[in-house]
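For reference, the structures are reproduced in the following blocks.
Below, subunit A partners subunit B and then partners subunit C, in two separate complexes.
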Partner chain A sequence: MKIIRLEFLKLKKKTRTWLGPVLVFWLMMIAYPLTVEFLQEKLEVGFFSVLWIAILISMMLATEDIFLEDFNDGTLEQIMIKTSSFSTLVSVKILTYWIFVGIPISILSFIFSFGTTEDLALSLMIFPLSIISSYIFLNLFVMGNALSLNKGSVLGALVTMPLALPVLIVLGKSIIAIQLSINYLGFIFLLLGCLSIIIVTVPLVVSYIIKAHLE
Partner chain B sequence: MIKKFIHQFASPKTYLFQVNKFYNYIFFISVFIYISSITWGLLFTPEDFVQGNSFRIIYLHVPASFISQSLYAAMAVSSIVYLVWRVKLAAYLVIAIAPIGAMTTFIALISGSIWGIPTWGTWWQWDARITSTLILFIMYLGLISFHNSFSNYEKADKLLSWLVIVGAVNIPIIKKSVDWWSTLHQSASITLTNKPSIDPSMLYPLIGSIIGFFGLILCLVLLSSKNQILIREKTKSWIKDYV
Partner chain C sequence: MNNNYLIVAENIGYKINENKLFHNLSFDVAEGEALHICGDNGSGKSTLIRIILGITKQTKGNIKNNSSHGITYLGHKNAIKNYLTLEDNILLMELNDKEELNKYIEILNLRKYMDVIAANLSFGQQKKLALLRIFLNNSDLIILDEPFVGLDIETQDILSEFLNNQLKMNKSIIYTSHISCQIESKILKIN
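So, the complex of A and B:
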């Protein structure tokens, strides 16, 4: 509980880290209608593709320096010496970032989706998809940033982005499923299944990666 | 027993001398098998009644696709061996295989595109098999650039191994993509469980070309791994004697 409170306080103070990605997401979603003509049907055609990619990029930005400060000021070394559980720390960090960035972005996804499609049922279905996918993307980019801890976030994104692409494919298919009213829950369960595996494996892998950096 | 075998064979010195001993045999046998299979496939196999002569690209496309995935699997196994048993040679193999894996994946993508024009009427389609293979290609490039960004080889090896293991999740996705999604790409003609759906006159040269191509790629892997050993063990006294 103490570690959760500590991570919450730390992230709360770093306004740029959590507000920045949310604002970038907002700007991307506002910029989208400017690139197409203001015809409702034209807006709807590419809206969801832009939405998923905006979530992906925002999550990438959110995790940019997730471990950097702790790595530079020696906090990670202290944790390793104290033999505290690294994977717990990583899980808590990801959860905190998701609460600060993932949830606001998911709420914005719902709002923008409703604003564009004017379909409440569809927008309500988008909300859980964006909630789950933002958590998955966050986990993947955290791993990427752990790998390229002091090498810049571009390298981390480059190596983990391919792993996020199957999720994008599933998200694209789920939109078709919603539009055709077929097997929406199946896609939700598929994403939840992926998430349950990722939630367990990523913190473990990231803890080994950070240890490799510190050794 | 496994541990003893791994440690005995995994000494870079032993490996280098073993490679030198067997390399020529593997190379000439592979060249012979591949050239004879290709000749058989291109000149003596009958035309496909739907695709005509364009199907003959399978003697390059199928081996390249199969081996591009197999190489990634080999990298994943080597990564596990390196992380579990700390076998240095396994780490050398991981980075030695990566560029060759990228090359075979590129061949698979290009040959697939060339085949796509007469059969599908398009050189590219964003279907699950083709997209997941493209992801594999990007992953290979990412792995190479990731490893090159570190000056500390040991750290780079460890991190790369973790990344390769995590990325291995893409291999079953590529393999099963034609079953999980409705794709333009056809499903597998040769499986371990079912009778091949391809005619024997086309099947035998195809199997030969896969074996021959595998042998040639193995030769490249052996050369690349030798190169890695020479770079990484350059300070050792036995390397000076060897060179």
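So, the complex of A and C:
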């Protein structure tokens, strides 16, 4: 619990790191209706595509400097020589970023979805999809950022972007499932299944990558 | 003679590409002993420290770390968060002995800076802050890379006295320094 509290303290003071991606998401969702005609049916056509891409980009921005500062100031070295698990730290960092960025974005997703579709049931179904997908994207981009720790975050994002594409496909299909009232829960479980694998493997892989960088 | 060796290194070598930084270094550090690693700039002192810490892997030889209570380390990077106050930085260090902590905050004259953002502190003050990690250590091996750099004479004396006391408490110290200090040490010269 102590490690979570300390990561919270750090991220709370780095307002730009967590508020920036949330604002970018908000701006993208605000900008979307301006690019199409204000007829509700037309807004709905592309809304969910924009929503998932906005979540993806926001998560990419959120992870931009997730390890860079700790790498540059020697914090990672201090952690490495301690006996505590490196992968636990990675998991806690991802969780903290998700709480600060992923959850607000998911709440905004629900609000924008309800505002656009005026369908409460549909918007309530969007919320868990946003929650799970934001956590998956965050994990993937964290891995990318660890790979390109001292080479700039764009390279890392490019490496991990293809891994996010299947998730985007599942999200797209789940909207169709909701609209046709078929097997929505199946898609939720599919995403949860992906998340359960990612949540275990990414911290392990990232901890090895960071150790290699430190060496 | 003390045979409880915390660090035993045999024929340690390290090379970057084909350039040998150092080779066939053998040394040991027993309980209550200090090892002063000397050498010119770029001779590989910091790399050797990182090898002892287990961060960097040597390209040749073996090194055994027998410390049972972990290592306390202060290197060139002092793990200070520039955007946090001095008080928050202390919180991040997870220093449990509040009484000792308050004692060293007073000794190092840091009390008046508790609410100051670390970025606004001088290099020396940041170094003092980082030294708290050393002063409140619970480990049996202390490793320091140029610990006296940036410190005023008074703080250098406080640190030297502290390290000498640690040696009396049977703790071991490995350090690099270009500044002469009053610590009775074995010397390992890297060319």
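One rule holds in what follows: the second predicted complex is superposed on the first by the 214 of 215 C-alpha atoms of A that agree within 3 Å, B and C clash if a C-alpha of one lies under 4 Å from a C-alpha of the other, contacts with A are read in each partner's own complex, and residues count from 1 in each chain.
Simple rule for what comes next: a contact is a pair of C-beta atoms (placed from the backbone, for glycine too) under 8 Å apart; a residue touches a chain by one contact, two chains touch by 3 or more.
Please read these numbers as outputs of a predicted model, since none were measured by experiment.
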Subunit B versus subunit C as contact partner of A:Leu6, first or second or both or neither: second
Partner chain(s) touched by A:Lys42 [first = subunit B, second = subunit C, both, neither]: neither
Partner chain in contact with A:Thr75 - subunit B first, subunit C second, else both or neither: second
Intersection of the subunit A residues that touch subunit B with those that touch subunit C: 215
Contact set on subunit A toward subunit B in their complex: 143, 147-148, 151, 155, 158-159, 161-163, 165-166, 169, 173, 201, 205, 208-209, 212-213, 215
Touching residues (chain side subunit C, partner subunit A) in the complex: 53-57, 70-71, 73, 75-84, 88, 91-92, 94
Residues of subunit A touching subunit C in the complex: 2, 6, 9-10, 13-14, 69, 72-75, 77-78, 80-83, 214-215
Partner subunit A, residues of subunit B touching it in the complex: 128, 131-132, 135-136, 138-139, 142-143, 145-146, 149-150, 155, 158-159, 162-163, 165-167, 169-170, 173, 181
